[in-house]
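Worksheet: the structure to be examined is printed underneath.
Think of it as A, B, C and D in the order they're written, each chain with its own count starting at 1.
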Amino acid sequence: MNQSRLKAKSLVLIVILSAGVAALSGNTPVFARDLTIAVPKNPDNLDPATENSNPNLRVVLSLYDTLVRFDYRNDGKIVPGLATEWKALDPKTLEFKLRPGVVFHNGDTFDANDVIATFSDVRLGRDKSVPTESEEFLGGIERIKAVDNMTVRIHIKAVDPIALDRFATFPAQIISETALKQARSYNDFTKLDAGSGPYALVSHEIGGATVLKKFDAYWGEAQAAADKVTFVTVPELSTRVAGLLSGQFDMITEIGTDEFLQIEGNPNGAVAGGPIETLRGVIFDSIDSPIADPRIRHAMNLAVDRRALVKGLYDGRTDVPRGWQVKTFGDMYLQDRPMDAYDPQKARELLKEASYDGKEIVWRTQHNYYTKQGETAQIVQSMWKAVGLNVKLEFKENWTQVLADTPDRAIIDASSGAYYPDPIGQFWRRLGPGGSFTKQKFFTVSADMAALGEELSTSVDTGHRRAVFAQMLDKFDEDPHSANFYTAAHFIGVRKDRLTYRALPTEYLDLTTTGVSFR
Amino acid sequence: MNLQPQSQCRAHPLISVQGVSVVFASGQSGSALRDLSFDLMAGEILGIVGESGSGKSVMCRAIAGLLPPSAKIKGQMNFEGRPYPLSDRRLLAGLRGHGIAMIFQDPMSALDPLMTVRRHLALRTPGDPGPLLTTAGFGDPGKILDSYPHQMSGGQCQRVAIACALAREPRLLIADEPTSALDVTVQASILKHLKAVAAERGMSIIFVTHDLAVAYQLCNQIIVMRNGVILETGSAAAVLAAPRADYTKHLIASMPRSRPHASGIMPQTSPPAGLRPIGVPSARHPALRLDNISVGYKTPDGRRFDAVRNVSVDVGEGEIVGLVGESASGKSTLAKAAVGLVTPSAGRISMNGRVVDWSRPEPSWRREIQYIFQDPRGALDPLGRIVHQVRQPLDIHRLGDKGEREAVARARLLETHLDDKLFGRKPGSLSGGQRQRATIARALTVRPRVLICDESVSALDVSIQAKILDLLLGLRDKYALAILFISHDLSVIQHICDRVVVMRHGKLIEEGPTFELFRNPTESYTRDLIAALPRLPDAPPSHLSEQEAAV
Amino acid sequence: MNWYLFRLGRACITILLLLILAFFALAASGDPAQILLGPDTSQAAIDAFREKWGLTLPLWQQFLIYLNGLLHMNFGLSYRTGESALALVLDRIPVTLSLVLPTILLSIALGVPLGILSAMHRGRFIDRLAITLSVVGLSVPSFLLGVLAMYLFSVKLGWLAPSGYVDWSSYIMPVATLSTVGIGTYARFTRSAMVEVMSRPMIETARASGLSEGIIHRVHALPNALTPLITITALEFGHFVTYAAVVENVFGWQGTGSLLIESVSARDFAVVQAIMIITGVTMILANLLADLSYGFIDPRIADLRHRSARRLRTVCES
Amino acid sequence: MILRQNLSPAIVGCFCVLSFLTVLVMAAPWLSPSDLSEVNLLDRFRPPVFMGGTWQYPLGTDALGRDMLSLILRAIQVSLTIAVIGTIGGAIVGTTLGLVAAWIGGILDAIVGTLVDFQATIPTLILILALITVLPSADFTVFVAIMIFHGWDRYARLARAIALSAKSQPYVQAQQIMGASTFRIITRSVLPNAMAVLLVNMSINFPQTILAETTLSFLGVGIQPPDVSLGLLIGIGRDQLFNAPWVALMPGFLILITTISISVLGDWARDLVEAD
């Protein structure tokens, strides 16, 4: 920050001090097509590659485009995005034909250079110069070449059944090369509006509001539904609800089923949303912990009454998962697998077999990192207690405290998003040898499992892959490194006198005409 | 009881009070009044005399309408011919300022600390404050006008308070012990001014005091009060010269006066057998020797301020040495240095020929010297039982077992003539005199050789004061105690001391045997002190021992 | 002059303590890389982050670097945003002040008269009522009050916008919520101060010389009872800032308090440090200012200052 | 005498409230109908009897279907324990430091003075917030220990002032002259006499400690579930204030009457002290 800005701010401060009460920001005139959305938190920065948290995902779909995209409203099929067509030249090479006439918010015209810039080492932080989370997702890219101005060819390191998926979602959002070059530093860049999405960025205040406006030059059919969108930070749930009911907000995110009655009881309130492609559960520490014995972990899985959880906490408005999979997997979804079983009798027997002696098992959780996190933990704890498991809850402040590899670490909370509608994008990403939990020494992946995983990752034959995945899930049930409780659900409160909202089964918020229609 | 007006110049009294009774809701019967009546002529000064708890302040407040709502008042008064029911505080409030004004004992807290003298006066009168201040006794009012109360001395504050009271030219000024907290020379000057104002303006004054001599000097009329009733009224001369009530006689007899050989409580200025003759310093074996003591502080601006400068005092065995001086003369500092409460910057302290250094005290030294404070209330731990507090020095020095200590403590308390029913009480339920006896008993528990009495009787009523002084004298004789007796009250000093040391501004200015020093002071300051001393007429006769039996 | 030096010295030591506490305590509490990058982050990203922010250096070196930066008005950069921590905090200060200052004014404007009323009717019904009200104000958790008010005035009645800044009426609920504590505090303080002052001999002297009760209250009792109010206000300022954090959270205002809460849980060291330092320095300045203005009102203060100066000297000499 | 005079019905009432709460705290383990961790998903948000509920849950249930009566009993126990220990602990720490600082003076006085300044300068809750987040696990004991930080400085200030004035009190000087040790003087004379003032301050500090606990629980750094405190119950219940108001309002009401009782008694005690 330069000196003059500091001075200006001090001046503002003085003015306000002397005035006592000051106007903070201009009173925004209400237009018919303005949308005010109250969220618990706004993103700290807008570079999609930096963070894949709820706050970011809510905003990025409006700001950025990907080469291809999942049509979530149509079984997750891949449809054209900034690329009009694509083909696999060989199992390790993808070629994209780029969409002509696309302009970025900064006025730049889209071409192959932008794609190359987006996936460059510098931008993705593969030279470790900047912190991004791209490695796990895009680490397989070997090199990118522009065939011509509107054609790019991407070479990947190994055969990858979901290679195309990787360019359909986080963190593959295409950014403008000019923006990247203009930014003097990475931090500058994270504040830039470098995308080509249906909305352009107006302002972004850390911890405050994020304001978007309709991008008139957007190429797509589904245009921005609103002229202006304001994401307001309102950390308190009850305040968000009050704001919705009193008409201050048009939409509010992150509500629970307990609020439904109140919102739907209001003539102008409605609730949208439902289960998303994320599984909520826990990760077990099966190395050096009281639950090292697989029978105990198996018992834990059997002791959780998931139906009761879904009914009690979610009013039945989400799903009990059928193993480590979500419906968006499409072809890879094993419909006929049973839901995760609830069998307390068998759980007790297993515990007896494992001669579990009531040793304390520590479960590290947090209050509200995930929706209904604390409540879920307390309910599951009591279910486990019912079969004789002595689980102690420890509420932590942050991830360092949760993850710390001390001898008492046994259970930690986790949620696993299916970024790609495939087991590799979820199950194997989280529980395979390349996942962060293996690195943090929660468990080791057995050789058999690793072999199966390799098969799953390299085969491109769907039938074979389904068989392999089923095998893996069976194997996993016997020696689980995790337990899933339910499919996570996102609910959005909506002013139905103003608009209707059709939610996506993801954390993305669809603010285009396909998602939002004003009355 | 009605006071017959002595003055013939007016037919009607300025104020006539009839049948005042006051009862406090909280049931503190001690300070209630029972059916009082008196008259006061314009221009006259009425003295109300009585010991603490006699109800004299309550009566003044009743007249001025200043009693708290918890007081139930009956009776009425006629003021300038108009009747006022005393229970009507609002009506009385209307009288304050131009009709009746009142001043109080503690001058330092009587004024608003946030205001200059000028504002104090401006609140009360739009006129020029100068003459008012001159009337109250300021030679150069301009100097004081812009001062704040904390920048002035007690005497100056009281004068400002008087000026405030006089600002609306009241017909009656009620003064409740206005000079008790002041030095004797200041007191003399204020009394003189009050008298002059009364004469000049034809204003009446009701002057409340515990000091008969003050009342005698100032007043035309005197009322003697006790336990809420008037015992005696009459002209000042008549009441003091020929008291009718026994209590008045007792009061007069208790007054320490400048008649050395008159009665049993008078100091034995002739030395006890075997001791040195009076007036010869240091002939006795000195029990306490203060040698060239200086005590210095640093003032805020970094300069050095010597509270005591090169003072040497000896106190011999069985000798009582008086240390006199006005406030801030350094007498208390010197006494505190003697027991190590203050560290002297120079000089030497020795006890029984041995030099003591209080910064490295030996436990045995502590047993040889004891100190009695002015306020017996503060000197006793309010939470401890009397006998335990008297036992404390033995506990501290681990002398004897528990039973023995208790026995010694009781013996000492009996020695001070404290009723043994009080031994188990806490100080709160004891009177001032009883408390002072307990502190004396405590000081004597370890059989000290030296006793320092720092204004030890100043806070006590005159009759109790007399008894305590008697007790000290008795103990001195019994144990050959060396006593350093500090007081600003020359009459007390005159009573009890063999020898007197006068201090001023931290320096010793005069020293000599009591009798000679009082008869023939060499320093002008000492002369002023003695001259300012209020005196009773030399007439009255009685024997205190009889009086004491009677009371 | 000594007094000022003494106060200044104390203030500097306090600030240093503050810096040490802020830096080492927070540094001990968690790895910002892990916290900021989340649970799924690769080790490489974490290492990169640590390298970038100098977190691989020994703590004391980090502290020295930090101190050196402070000397150049550099409070460091926010880990979260890469922006200047100072700028982030300065951005938010007006919001908090715009809540806290009206709150203080309202608290004084209502609390002081309530306390005076109470003292004037000591022991009577009106006194009991005032005391009870002020205790209720002190006892109800402000967030609960805030949510209840919001439900009533926003949802049920629809009079006020429940959160954020819309227009001036947005101040009503947060300021009222915050003020309950302040009104209670000032009422209780004023009452006991008035009762104490009214029992002083100077009041009786004033009455005895014929001043009316009205003048006595206005001229003697109030100024004497209210001078310490300055000091109380300086000290209460900290409480207000703390409670403002809660109220900001409830009403969705982006002030310093909510920034602090965000930053503490995110271990955004630089921002937390900047807030603590700025709050601390503000408090120190507020106290200094209170002391100074006290000197204008109370002529005895000069003596007080001399006394502290003397104490300093004894400290230096011993 | 003074005692009898000032015993108004309000004070008797406050005494009763506090005694009742104390009895509840003592008897909580026997009175609780059910275990704290007993979650009943089918019985979430049952209203209390007085709001149309059944006697199965006299005070209703919370978001997890836990029995509110058991929760509140435990919460009173936890909150009062924290407040009592925090208050007394703060009193002990602060008083000791204040007394020692005043008596010994010099550098020690300067150090304690600076610490007190420091504490007064940094809003306590912010300091506690920082401290709590530092500690790896903020369990009950740690939390209680931290609450001592809330208000110790006031005791230190008070104790220091008391000790300084006591130093010039004749009865203390008398003991010095008698040769009593400093320790003896402080423990036998100064402290007992300061007790009344300190107790009054404790009555002021106590509600503040309860409120601090409440605020910290609101911010999620107080008592951790599945344990409960009054503050945590309010914190949890605030989201359901509209559809299940009893969850937050009952503990809120308890906090209110507790703090009012203590404050009223504290004022009364102060009047007694001042009347002396």
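The criterion applied here is as follows: contacts are C-beta pairs under 8 Å (C-beta built on N, C-alpha and C of every residue); 3 or more make two chains touch, one makes a residue touch a chain.
Just so you know, these numbers come straight off a predicted model, no measurement behind them.
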| item | value |
| --- | --- |
| Chain pair showing more contacts of the two, C-D and A-C | A-C |
| For subunit C paired with subunit D, centre-to-centre distance based on mean C-alpha positions, whole Å | 21 |
| Mean-CA-position distance for subunit B and subunit A (Å) | 87 |
| CA centroid of subunit A to CA centroid of subunit C, Å | 39 |
| Centre-of-Cα separation between subunit D and subunit A, whole angstrom | 43 |
| Residues of subunit A engaged with two or more neighbouring chains | 236, 238, 397, 401 |
| Residues within subunit C bordering two or more other chains | 29-30, 147, 151, 155, 249, 265, 267 |
| Multi-chain contact residues (two or more partners), subunit D | 133, 238, 241-242 |
| Pairs of chains satisfying the touch condition | A-C, A-D, B-C, B-D, C-D |
| Of all residues in subunit D, those that touch subunit C in their complex | 10, 105-107, 109-110, 113-115, 117-118, 120-127, 129-131, 133-135, 207, 211, 214-215, 218-219, 231, 234, 238, 241-242, 248, 252, 255-256, 259-260, 263-264, 267, 270 |
| Subunit C partner contacts - residues on subunit B that touch it in the complex | 64, 66, 93, 96-98, 101-104, 106, 109-115, 123-124, 148, 150-151, 161, 164-165, 167-168, 170, 174, 298, 300 |
| Subunit A to subunit C touching residues, read off their complex | 1, 5-6, 9-10, 12-13, 16-17, 20-25, 27, 38, 44-45, 51-53, 125, 128-133, 135-136, 185-187, 190-191, 205-209, 232-236, 238-240, 242-243, 245-248, 397-403, 414, 436, 439 |
| Contacting residues of subunit C [partner subunit A, same complex] | 29-31, 33-35, 37-49, 51-52, 73, 77-78, 80-84, 86-88, 90-95, 97-98, 101-102, 105, 147, 150-151, 154-155, 158, 161-168, 171, 249-252, 254, 258-259, 262, 265-267 |
| For the subunit D and subunit A complex, residues of the former touching the latter | 37-39, 41-42, 44-45, 63-65, 133, 136-137, 220-221, 224-226, 238-244 |
